[in-house]
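Shared between the two complexes below is chain A, which pairs with chain B and chain C, respectively.
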Partner chain A sequence: MSQSYNRGLIEDFGRWREFSAGMWAWIFHKFTGWVLVGYLFTHIAVLSTSIPASAGETVVYEGTQVDVYTGTIVALESLLVVRILEVGLLAVAVFHILNGLRLLFVDLGIGLESQDKSFYASLILTGAITVASVPTFIAGAF
Partner chain B sequence: MSTQPPQHEHEESPADGVDDAESTPPAQQRREDAKADKRSRDAQRQAEADDAAKRDEPTRHIKVFRYDPEIEGKQEPRFDDFHVPFEKGMTVLDALIYARDQYDPSLTFRHSCRQAVCGSDAFFVNGDQRLGCKTQLSELDDPVRIEPLPHQEVVKDLVVDMDHFYEEMEAVDPYFDPDETPDGELEEQRQSRENREKVKMSTRCIWCGACFSSCNIAAGDNQYLGPAALNKAYRFAMDDREGESRKTERLETIEQEHGVWRCQTQFSCTNVCPKDIPLTEHIQELKREAVKKNLKFW
Partner chain C sequence: MAEHYSSFTKGGRLWLWQRITAAFLVVVLAFHFFLLHFVYHADEVTFALSQARMETLTYYSLMILFLFTATFHGVNGVYNALVNQGLTGTKRQAVKWTLVAASVVLLVQGVRTANAWAGFTTFF
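Coming up: the complex of A and B.
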């Protein structure tokens, strides 16, 4: 009893292959939550360019004078990587919404025995919505 | 010894015959006789081995975690392999008992009733917390990895330190404690059928610690009560016979910082519970009760 052995991290993420549906749902929910928080800050940064824009500040974009806000948006949207990130953002947001609804039902104590199925359903639905959104987001990017 | 394939012997025999025909000095004859004798003995031994193999044909391969801090050569954790003859209906605990009795008497694990009631033989089997006596070997893939429960410190081999788990269990006063007892000493304290149904599943807990070991939050937060203790709290808080003031006290215990709100509904505990207690459901109901107790709009 004086000595005992602590197996450390091997017990946790070292065993990710053995995780069950509820565990994956939790990990994805945390991950998508942090991604959305990160997005919120960049979103605010982009939106805040409208403050100098309202004061009449302009930039030159492809030879024409546009206001700062429009210039920023158009420049970002012309980048392929931004278009792809937008698809990712949609996927993350949709999963967070659907799993959030699932967690709402869990909190209300409704259908707890099919919590794994509702997780798979939200994954599949997220995939379907993401695939369907690709033409909209990628159009004109190439 | 007798691992030569049979066709090899057939190839040799004609060559030996030619030797015999050409010249048969007595010494060589004796050697040939001895050779033939040895060959027949080998064949006999082979047949015996085959028989033995046929008898214990289905064997199962178990890999068991070994660690003993008190013996110098065993301080480095390792896995030992045992090949255990399989019998129909054999459980993980049966295999461990066989390995201990037949191969290595130093193999250490807790077990008692062998019928999923005492709760002493929860192990980490092929990546899941399970009761050894309730897990059929036929359900598992070879090799069957048997490890001590995760998130508890290992004392020796498959024995883990359960003190912390028991402390959390005691923290919720896991005993029936009514506000008022009936006047007559022998009078019954009756419970309605509906109320009995409500707490039925939660009474099945055998204190095996499988849920506590599977819980990620309990692993990270040493003060978290954990699913088993919260289930105990549910069992008594939902019991109508205890009365309102005791229920309020119980809810005050579980709604503390390291109580019911730490649960993140990962469903790990519900998945591993060998008695099929819907732990997450009970914890969620306690959360709702705690909210109802504190929300007052009037």
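Coming up: the complex of A and C.
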């Protein structure tokens, strides 16, 4: 016989002090998902400069005439704040990927008993990959 | 008994597609980050380099598939999140069709962008 109990509104973020590891995983997955989908729209908007660039539109960047796509990307990448935001984006993407794998396995019935441990592993691995990637992401920004 | 609330539509298959696209995106998003930040570097981006990659039909096809799966996964994820927050009725319909419209705009613009590099038509 199936049993159910009133767990209250799981979407009630005011109960955050009562949240378990699985609940935090759910919240982080949702938050990183929102960031990634927001970035997807921004990403395509910026990359759209390839359309006028392919038609020969140019801009002057540091005294040199370059196509509008190259000029836009190089100018953005020269800003330290953009590089820092990219590190943040990497952290968000890595967590979403690792926790997403965790969710796919749990959906398949694998590792349900250790779902809290795999959440902590996702967090630690995200931190490690992000920290290890900082030199590559910041290179050339100074 | 707890009230039934779920983003799953009975008999629907969107939940399955959310997981199929997830499995694909796990690999392709990791590849995308690795290629464009570790193999190539952010400060070395040029139109010519992007063009050289996108002129390869395999890469172009992968990126188009990436665009479509990421758009579906992202927008369907947003919709599910809002439904979980209790979105119902007319508001739910309005949000649904707004998200569908936003997806169409994103897909059209994404394909135009890829086409600009690949040398295909950008339509308008």
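Convention: the second predicted complex is superposed on the first by the 130 of 142 C-alpha atoms of A that agree within 3 Å, B and C clash if a C-alpha of one lies under 4 Å from a C-alpha of the other, contacts with A are read in each partner's own complex, and residues count from 1 in each chain.
Here is the rule we use: a residue touches a chain if its C-beta (ideal position, glycine included) is under 8 Å from a C-beta of that chain, and two chains touch if they have at least 3 such contacts.
Because the structure is predicted, anything quoted here is derived from the model rather than measured.
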{"item": "Partner chain in contact with A:23 - chain B first, chain C second, else both or neither", "value": "first"}
{"item": "Between chain B and chain C, more extensive residue contact with chain A", "value": "C"}
{"item": "Partner chain in contact with A:78 - chain B first, chain C second, else both or neither", "value": "second"}
{"item": "Which of chain B and chain C A:40 touches, first, second, both or neither", "value": "second"}
{"item": "Chain B versus chain C as contact partner of A:57, first or second or both or neither", "value": "neither"}
{"item": "A:106 touches, of chain B and chain C: first, second, both or neither?", "value": "first"}
{"item": "Doubly contacted chain A residues - partners chain C and chain B", "value": "4-7, 11, 103, 107"}
{"item": "Interfacial residue positions of chain B with respect to chain A in the complex", "value": "67, 69-70, 77, 127-128, 150-151, 153-155, 161, 216, 219, 264-268, 270-271, 278, 280-281, 284-285, 287-288"}
{"item": "Complex contacts: residues of chain C adjacent to chain A", "value": "1-2, 19, 22-23, 25-26, 29-30, 33, 37-38, 41-47, 50, 67, 70-71, 74-75, 77-78, 81, 84-86, 102, 106, 109-110, 112-113, 116-117, 119, 122"}
{"item": "Chain A - residues contacting chain B, complex", "value": "1-7, 11-12, 15, 17-18, 20-23, 25-26, 103, 106-109, 112-113, 115-116"}
{"item": "In the complex, chain A residues that touch chain C", "value": "4-7, 10-11, 30, 33-34, 36-37, 40-41, 44-45, 47-48, 50-51, 53-54, 67, 69-70, 73-74, 77-78, 83, 86, 90, 93, 97, 100-101, 103-104, 107, 133, 136-137, 139-141"}
